[in-house]
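Each structure below is given as structure tokens.
Note that subunit A is present in both complexes that follow, paired respectively with subunit B and with subunit C.
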Partner chain A sequence: MANRTKRDRIGWLFVLPSLAGVMIFYLVPFVDVVRRSFRQAVGGGFAGLENYRQVLLNKAFILAIGNTVRFVSICLPLLLLLSLGVALLLQNQKRYREVMKSAYLVPLAIPATSVVLLWQLLFDNNGFLNGIVSLFHIESRDWMNDGTAFGVLVFSYIWKNLGYDVVLWLSGLLGIPVSIYEAAKVDGAGPINTFFYITIPNIKPVAFTIVILSFLNSFKVFREAYLVAGNYPHESIYLLQHVFNNWFSELSIDKMAAGSVLLCTVVALLVLLLQRSWDKSGV
Partner chain B sequence: MRKNSTTKPAFGIVLRMWESKALCLLFVLVLAVCTGCSKGDNSNKGGEDNKETTQLNAGVGGKGNGRFLESEVVLPGKTGRILTLAKLKDGSLEVVTEGKEEKSYYILKSNDQGKHWEEIPIKGVPKTHIPYAAVSPDGSVAMIPYAKKSSLEIYFVDAKRKTNQFGLQLPGNEEKNQIRQAAYDKKGTLFARDLKGSLLAVDLKKGTCKVVFDTNGIQVNYFGIVGNEMLAVHDKGIQIFNMEKKDVPESEIVLDDLIKKDKKLASSSLDSGAPMVFSEGTEDGGIVFANGNGLFHFNRGGSVTEQLVDASLTSLGSGGIVLLDLVTVDQNNFWVAANDNGEYKLLQYSYDSNAASVPNKEITVYALDESSFLRKVVNMFQKQHPDTYVKLEFGLSDDDGVTLEDALSVLSTNILADKGPDVLILDGLPVDSYIKKGILSDISDVVEEIDESDGLLPKIKESSKNNGKIYAFPVRFLLSVIEGDSETIKSAGSLSGLAERAVKLKKGSDQGVIPESKGTLTLLRDLYYADSASWMTEDNTIDKKALTDYLSSAKQIYDVDSNGKEHDFHTKMGSGTIDGVKVGTLTDSELIEGNSKMSMGTLVDFWSLQNMVSSWQLTKSDYGLLNHEKVKSYIPYLSVGVTESGNKEAAKEFLKILLGKKANNSPQNGFPSNKAAFDLLCKEKMDSKAVKDDGSISFSTEDEKNYNFNMVNLTKQQIDQFTTFVESLEKPAMDNRIILDIVLEQGDKLLLGEQNLKDTVDTILKKVNLYLAENN
Partner chain C sequence: MAVFALLAVSPVIFLLAGTFMGNQEIIECIAPVFLDGEGYAFWKVIPQYPTFCNVVGLLLDSPEFFIMFWNSAKISTFILAGQLIFGMPAAWGMARYCFRGKKLIYTIYIVMMMMPFQVTMLSEYLVLDWLKLIDTSAAVIFPGMFSTFSVFIMYRFFCGIPESILDAARIDGAGELQIFLKVGIPLGASGIISSLVLSFLECFSMIEQPMTFLKTKSLWPLSLFLPEIHSGNAGFSMCASFVALLPAIFVFLIGQDYLEQGIAASAMKE
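Here is the complex of A and B:
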């Protein structure tokens, strides 16, 4: 018992620096954000739930919420399925697996500013894409300033994060003992049965991590959207971070705090629900 | 067993020691982080990060007494322009001036540090403009007029005040050459700099001069003589020549770096002075120099510059000051002759051991854009309130690539951290949002006070009210005008009328109608300022019809002469501001050349008005308010507000000076909202002797056609007409830069044919309404 307490103490000792960092730079500031969400932006007078009311009635916030939900609900399944598909293809590909893994990771290594430059070259009015389109006598368009902007953003997110997810899936897939597959094969199981009864149950623990990481990465796509289209992009790619960024510039710290608390609550609930459903399914 | 029984407790002790050490370390770490995040009062209040400068006597936060204080030396009544100031061998001071009665020159001599002056008229010099003079250590004076080609007559007034005339031939017989600066050294040798930037030693008796220092082809912009050394400033730094050895020049890292960092210091000396002046220090090898940043001392070969006077607390920081000479009277006394925004002054900096070493109060004035007008007002305030230090901050600058979003974020952070400014210049800032959040305080009391004492333009005052209160008030304003024939002016009552008129004028004509300088962005911005005041609806959205009409008219006008618009003034000038002034885009030159039949844009100040009226001698044009049938709008400039959380009392004192008559009697940087200043400037422009000095304006075109017209005073009728225009202005143009940027970005695509009208209007509406919705 005494040994366990000492081990716990040593454990805490190692965790403490990181915990202190998280406390100082995340948790304590977030407590301040919660406090500010109930106060006026300037002067600090108590505002009750007024900030929350304003945020929930704010058209810009509602648009951004809609776009963000739409973006996540399209991108997340698409990315998970595509990356799993590629990982499954690579699972049995021993010769080129490492080369392919590296190739898929290249987009992740490209700095955001270079990606933005690439976007501009591709999607500008006088860019490559319009050049190609004009070859087929199709009218050129401003890809980032009409309905296609959302598609461009989805494409960019998938392109950038696919490799990362493939590597994560692969690590899960390669962790499944080959003997299980061999035994199933001896028992006459086909590739579909093997996938549903061996692969899926065995990669569930990895899947949880991948879903959470992909979900959080989906918020980072704002950086590219902001650098290409600025503070006020086409309405279809106007995301929550745009609202927060602009609110900060306009000193709407009260609304920003209330919005952040709402967002944080929703994300935390989602993660907890996800974890619960995972736990229930016995992972 | 023994081992076990002894090891375990020892391990436990070690573990506890580690724990306690780790906890201590962690505690120190957390403490360090917290300390790093704490407010701290040791920030550089001057806003400058100059490691090589030590501020001994300036800046808030220091302790103790003792500071150099500025005072203006009173010169005898007849004194007008100062030509030079010098300290003689016997310690007396001598000033050469031009009298207020034109073209009469005087030597003023004082043996008691300016308490009494002996005024000696200089006889035997012609009644012409003499730009330069130099005083030798024995008190004799060389008066140097302009040269004809490369020869000139120098008038030498000896120590007994007898004037002799000497002919002088400058280098370059057949070419035009001039002396641009002259000064004597300790031994009484006259040195000069010519038009080519060469340094010459002048021999008056022989009537010759020779290039005395080899500058390796570098053009010297100005020079100063300190002891046995000549300090020659050029574009890339400074060369120091030893007057005795006359060998290879030396460099001085401290001064070199200073000039490299602040390119304005290297600019060529003008007739009226230089950006930096030098004098001997009180120690051996010491140099004292003054510039727009203050008065400094350093020792040759040293690495530290000692700041004796902080410019922001004195006239040196007024923005428009040009320096003539600096004299070290003694270690506690320095004199500077200067041209302060056209006014010649002799400034004395004396050490007062009883004065607080630093002002004990501070206010911060924030503006997005650099403004020389604001610098001048800060300087005026500083002189009237020596106990208050004014920290002037500009959010955007051309050098460091800060964007509007960056600047707004920094400002927001400071306001939220209770470190925000006390006075806000609201040009380009989200004023409505600031009012809504209670950041700005009601300044009606100050506005009313100024209105009672000086008067304010009534409609500008009225349009500044927000629910009966005033949170922002434009100190200056600009207006959108149209220039051309009477039919054009009549048609320009609306933008659509102007567009129709432009199309009509173009029909069957090969000549240009719209000035070539109106590229897409310039044109859009000019018309935006004339029209945007009518765009906002009551439900705080943009009126679709108004926006459509504006864009459609802009497109029509642009298409009239869309070819050959290579020069876009707006694009060339970046954000559309220069030195804090919204660019007056009204240009007469193309009307004069006959390349356009109308000119439209922003009339920026009285000087522009006078220039426009003078140009009518050639164009026979007239002018009117642009778009006046739809909305009579003005462009607010230097809209000022006071923050609720700041030092309101001091901020309002500043506001009184900023809005007052004295600060606003400048004919440049916009028109004043202060009625007394406005009337004064109107009067000046009707009956100004200065107009004679303003001379004429000449320019030539690429095909070598020359145009010339004289500047004229405005007639009473012209002033009355202008006053009527100004008094009719009712609403401010929208000055929100986020909306302006969106309109310009999308409008540009429309004018260039990359996007149709409907899509442009829809895109602008979506983006702008999204912006407006964020703050609802």
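Here is the complex of A and C:
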């Protein structure tokens, strides 16, 4: 028994160096941020919820939150359905599965820097896309400086994340024992019945994880937005990161602090939900 | 479906062709974009007059580009090394031992991993400012070294090693550190590589962190390089974008199986 406790103390030693780094660079300063979110930027007096009120009434912040909500509510279902569709097609496709999977994963590796040029040429007033569109006698437009900038962002996000989600779905799909499908076939179940009664129930636990991971990845779409449209993009793709960047350059520490705490709360709630589902599926 | 797949890899093909095209040829293709001319830009999959002109120009006459490339290499190397030195033991400790507070630490790590940069931006800034690290490469490297994401991926793989192997090693008289080095690392190798591949791709396209913490342009990594096209340098920009892509694609091709395992590991229990 004593041996066991001693051994577990060694476990602590393994974790300690990393934990110290996480504490120094993330946790302790974040506590400071929480403290600052209740204080005035100048003078440091107690400000109560004043910073939060300012953030929540801030026009740029509201715009960014609105865009983010709109972005997520359009992208997420689209991405999930598309990637599930591709994964289902690949599930029974043994010959080309690996090649296809690789092709879909390539965008994950491509740094945003490298697609800037292509995106510019693609969506310009006289660019590739308008060239294609004109074949169908549709009027050309500047895709990046229009409401369609939002569509470009949606496209970029899906282009980038499709492969990631396909791999995630496949890891769930390929874990379903083939024998269940065979048994269903013997019992005379058609493809539609098999899908609803075997595939869906079996990938439910994975599905929840994919939703949350994809949601969190959507915060990173700023990279594409920044490289294509710079710091002052069309207002339909004005994102949270833009707001934070502006506050940062204005040194509005109080607003940043309150904004971070708000965002942190939302993300933390989602993560706890995710963990709960892991615990359940792990039993 | 093959069409989608083609769409996914098309940027690589696009840049590959552009790299070996002469300035003249590129301009012919895309003239309408920057001259506001009539008609639309088009592209060729295979250059009509292939040339190494731009590749040579990039390799020989563009020191700024090389500095950025070197910065990226430096930042990525240090971050990955740090993740191995600090993250790997932490993953092992959490995966193989039960100690008080483990559950709490694990939860903290997961939450940290999920936080978007917007949340940690100010806190990172405050501590880096306090340590006088702002506007040095270390400002990007240190927080990256302690990214909890890589710990999480390695943790998942370390959990999969059967306890009986470790017990056998203990009976043979191996110490805990020895077990970690001689049994844990070799058996968890695929997880370690997975996390390195994922981290490398992340490091290599990092934008938010260097943009916020590095003001001096000579410290910037390649991911902040913003290619522009005007008639004089179209070929150069094309070529630079392609070279910026090479390391990532190289790692992708070698580490692809590990990349997939790593992604799948984030969705599965165990």
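The rule we apply is simple: the second predicted complex is superposed on the first by the 230 of 283 C-alpha atoms of A that agree within 3 Å, B and C clash if a C-alpha of one lies under 4 Å from a C-alpha of the other, contacts with A are read in each partner's own complex, and residues count from 1 in each chain.
Here, contacts are C-beta pairs under 8 Å (C-beta built on N, C-alpha and C of every residue); 3 or more make two chains touch, one makes a residue touch a chain.
Remember, it's a predicted structure, so these values are computed and weren't measured experimentally.
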item	value
First, second, both or neither for A:N202, with subunit B first and subunit C second	neither
Touched partner set for A:T148, first subunit B, second subunit C, both or neither	neither
Touched partner set for A:K59, first subunit B, second subunit C, both or neither	first
Contacts of A:P111 with subunit B and subunit C, given as first, second, both or neither	second
Touched partner set for A:I253, first subunit B, second subunit C, both or neither	both
Touched partner set for A:R9, first subunit B, second subunit C, both or neither	both
Touching partner for A:P17 - first (subunit B), second (subunit C), both, neither	both
Partner with the higher number of touched subunit A residues, subunit C or subunit B	C
On subunit A, the residue positions that both subunit B and subunit C contact, one per complex	9-10, 13, 17, 24, 125, 245, 248, 253
Subunit C partner contacts - residues on subunit A that touch it in the complex	7-15, 17-19, 21-22, 24-30, 32-33, 86, 89, 100-118, 120-121, 124-128, 130-131, 134, 140, 159, 162-164, 167-168, 170-172, 175, 205-206, 209-210, 212-213, 216, 219-220, 222-223, 226-227, 240-241, 244-245, 248, 253, 256-257, 259-260, 263-264, 267-268, 270-272, 274-275, 278, 281-282
Subunit A residues within the subunit B interface of the complex	6, 9-10, 13, 16-17, 20, 24, 40-43, 58-61, 63, 125, 142, 145, 231-232, 234-235, 238, 243, 245-253
Residues of subunit C that touch subunit A when the two form their complex	1-2, 4-9, 11-12, 14-15, 18, 30, 32-33, 36-37, 39-43, 85-87, 89-90, 92-94, 96-99, 102, 105, 107-112, 114-127, 142-143, 145-146, 148, 151, 176-177, 180, 201, 204-205, 207-208, 211-212, 222-227, 229, 237-238, 241-242, 244-245, 248-249, 251-252, 256, 259-260, 263-264, 266-270
Sites on subunit B touched by subunit A in the complex	12, 15, 18-19, 22, 26, 29-30, 33-34, 405, 408-409, 412, 415-416, 430, 433-434, 437-439, 644-645, 738, 742, 749, 754-755, 763, 766-767, 770-771, 773-776
